[in-house]
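Below: a set of structures, written as structure tokens.
Look at the two complexes coming up: chain A is in both, with chain B in one and chain C in the other.
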Partner chain A sequence: MKVPVSVIRLPRGPDGTSRGFDPNSPRYQALSPISISTMGCGNEADLEQEQQARVALRERYLRSLFAMVGHTIHFTMYERVNVSAFFDASDIDILNFQVSDLQTPLGVHREALLRCSDIISYTFEL
Partner chain B sequence: MAMRQTPLTCSGHTRPVVDLAFSDITPYGYFLISACKDGKPMLRQGDTGDWIGTFLGHKGAVWGATLNRDATKAATAAADFTAKVWDAVSGDELITLAHKHIVKSVDFTEDSNYLLTGGQDKLLRIYDLSKPEAEPQVVSGHTSGIKKALWSSDDKQILSADDKTVRLWDRNTMTEVKAINVAMSVSSMEYVPEGEILVLTYGRTIAFHSAETLEQIKSFDAPATVNSASLHPEKEFLVAGGEDFKLYKYDYNTGEELESYKGHFGPIHCVRFSPDGELYASGSEDGTLRLWQTTVGKTYGLWKCVVPEEEGGELAKARVSLPGTAEEELEDLTSENSDSIYSSTPEVKA
Partner chain C sequence: MSEWQRKSPLEWQTYVNKEVKVTAAEKHEYKGWVLTIDPVSANVVLVKLVEDGKVCVSVILGHAVQKVEIVNEGDDEMKERLAHLFMPEESKAYGHEELVKRKSSLKTWLETNHIPVTEQGESQRTLCVAGVLTIDPPYGPEDCSSSNEIILSRVQSLIQGHLAMQ
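On to the complex of A and B.
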């Protein structure tokens, strides 16, 4: 009778909440600065300045998302699609926007999820 | 005591897995990327199958995926008419290369500076990754959609396969050097640099050709249509899988069938040996990847060899680990095993 080989555990699967690439892993800690520097940055001071700029821009963008909540947003999308909806929320990786009362040529969708990669631009009035 | 193979199933994909590739061995182990029709290729630790991350961005089925040698970059080919280059450490999309039709195959040069793509538009394209905005060099000649395109001969030549032909191109002159006709539709192609061997599968045949002359060295027939085959780094065995859902292991020298395994619930689309030859991975229509040991019973990765007990001369009962086993015990064992694969103090590159 053949005995099955033991395994100490099963392979870990996706965690379902994020896209992974744990920034705390040894590989990320060691290699990530190299990844950023492949974009042509020079020295430490430049990097520092760029980081500060990125921080400021990201904070501004996140605040803009906050400001959008409850407003009517007009989305310009691929294939000459223009729709408008109330903005509810974005997911953590800014991959999907949750909207309500999405006005489309086919009718109004009470709740919908817009894939961000399909959006070219969006505007709203404060 | 005969041991039975325990495959490790890697879940996460929701549609068929159509392509997979390993990186070389890096200071952090080796890695595996899987291409899936759900459009979300995944990166995994090669020896354990643990999920590391998912590359998000493609808008269609991903038909081809590859890693560069040190697994710092990944490239994918998709049905959304683009090939993308990714940072395989952070998961960020670096470059999107627009094509005129479905892209099926991507391959990095050894220095990761150029990317070769091939697809349904029947053209081979060479992109300079330091100038992604520039037009690629285009090589035409194929009369049907390209299924696989690979660099060969230290990136001096290109091997490409379409439905009925396999062609060899010179990279500098961008002209065809040799072409052979294949009896049936080519299902897969693997290039083995050491020994310049080309592994081709078509119909039920697994064929080995010289990568330099395209002449056939030998071929074997499997019991059913084969979709993919891979040669062991030491060229002792080869593994193949196809439409009967089974994986076959053959002796490369004699062609003798050594082992066969059931396990997948759908046709197998791709099989590859790991760079150290200790395991092979298979991707299937059933949406899973499975890792199989080359030497069944050996301690490696998540597999543990059980030593027979000494007292009374009785055979040991193998402790088959079921999902309900105590996590704490397993976690301790996990960290022991993991350390032995990676070096404990990886060098930090300045």
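On to the complex of A and C.
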């Protein structure tokens, strides 16, 4: 009788099988608002319309993020804290922004991660 | 989660292309034209047109939005301007024969690199790679579409290398 070979199962990536935005991923559940907004159980035509809206809105937002890269962004944070930095990247759930040369009252941080929950608004000029 | 974050995408869409006044946390107020509202975070992207063609973009984080009031419904001209903001520049227009040549040249290059590629679509304009990625005219790296990031990135580099050799 052949001895079975032990199988090593590698851990799954954070999003399971896909890298797309997954509202059921443990990371999203842990870090962000309880539910993703949707009309819930509507009829198929309504859900399709809602999804089209979501796609159009998200595409524009992603393009706006892309346009920010390499520019100086001014962040207005809570407790009257204002900082500025070069924008590098955002994570897929818009929970954190990666920035460089973050100018703060305490000095300049070469690389930093800003939590979006700490930010009220951000602005830049094109 | 705030009331603003609980709205549905269709409700958010009703604000797009309109001029609004946003009241946010800590008594901040913002006014501008709504470019979009991110359905994931409910962030409101406002655009203000400054002198000499510059654009000032302010984004209010969804969790900080308290009130959004529409102050101007906007017109088609504004809608057009906003639609073109952040869009990639129009690519140089290629003639039909040029496009066919580019397509064949790319298809040959991909096949040389052992990548299965077929032509599909009406008039066979689109290249389909391994059934998971499509390339539309003019067959540049930005014209690839796929839900698989790894294949997308590989094929984009291949195309870039191919174009660099021309």
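Everything below uses one rule, namely that the second predicted complex is superposed on the first by the 84 of 126 C-alpha atoms of A that agree within 3 Å, B and C clash if a C-alpha of one lies under 4 Å from a C-alpha of the other, contacts with A are read in each partner's own complex, and residues count from 1 in each chain.
In this section, a contact is a pair of C-beta atoms (placed from the backbone, for glycine too) under 8 Å apart; a residue touches a chain by one contact, two chains touch by 3 or more.
No experiment lies behind these values; they were computed from the predicted model shown.
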Which partner reaches more residues of chain A (counting touched residues only), chain B or chain C: C
Shared contact residues on chain A - chain B and chain C: 19-21, 32, 34-35, 93, 117
List of chain A residues in touch with chain B within their complex: 2-15, 19-23, 25-28, 30-32, 34-35, 93, 95, 117-118
Chain C residues touching chain A - in the complex, by the definition given at the top: 1, 5-10, 12-13, 16, 24-26, 28, 30, 35-43, 45, 50, 54-61, 63-64, 86-87, 147, 149
Residue ranges of chain B touching chain A (in the complex, touch as defined): 1-6, 8-12, 28, 42-44, 48-57, 59, 72, 87, 89-92, 291, 293, 296-297, 302-306, 318-321, 323, 330, 333-334, 337, 342, 346-349
Residue ranges of chain A in contact with chain C within the complex: 18-21, 32-39, 49-51, 53-54, 56-58, 60-61, 63-64, 66-67, 76, 78, 80, 92-94, 116-117, 119-126
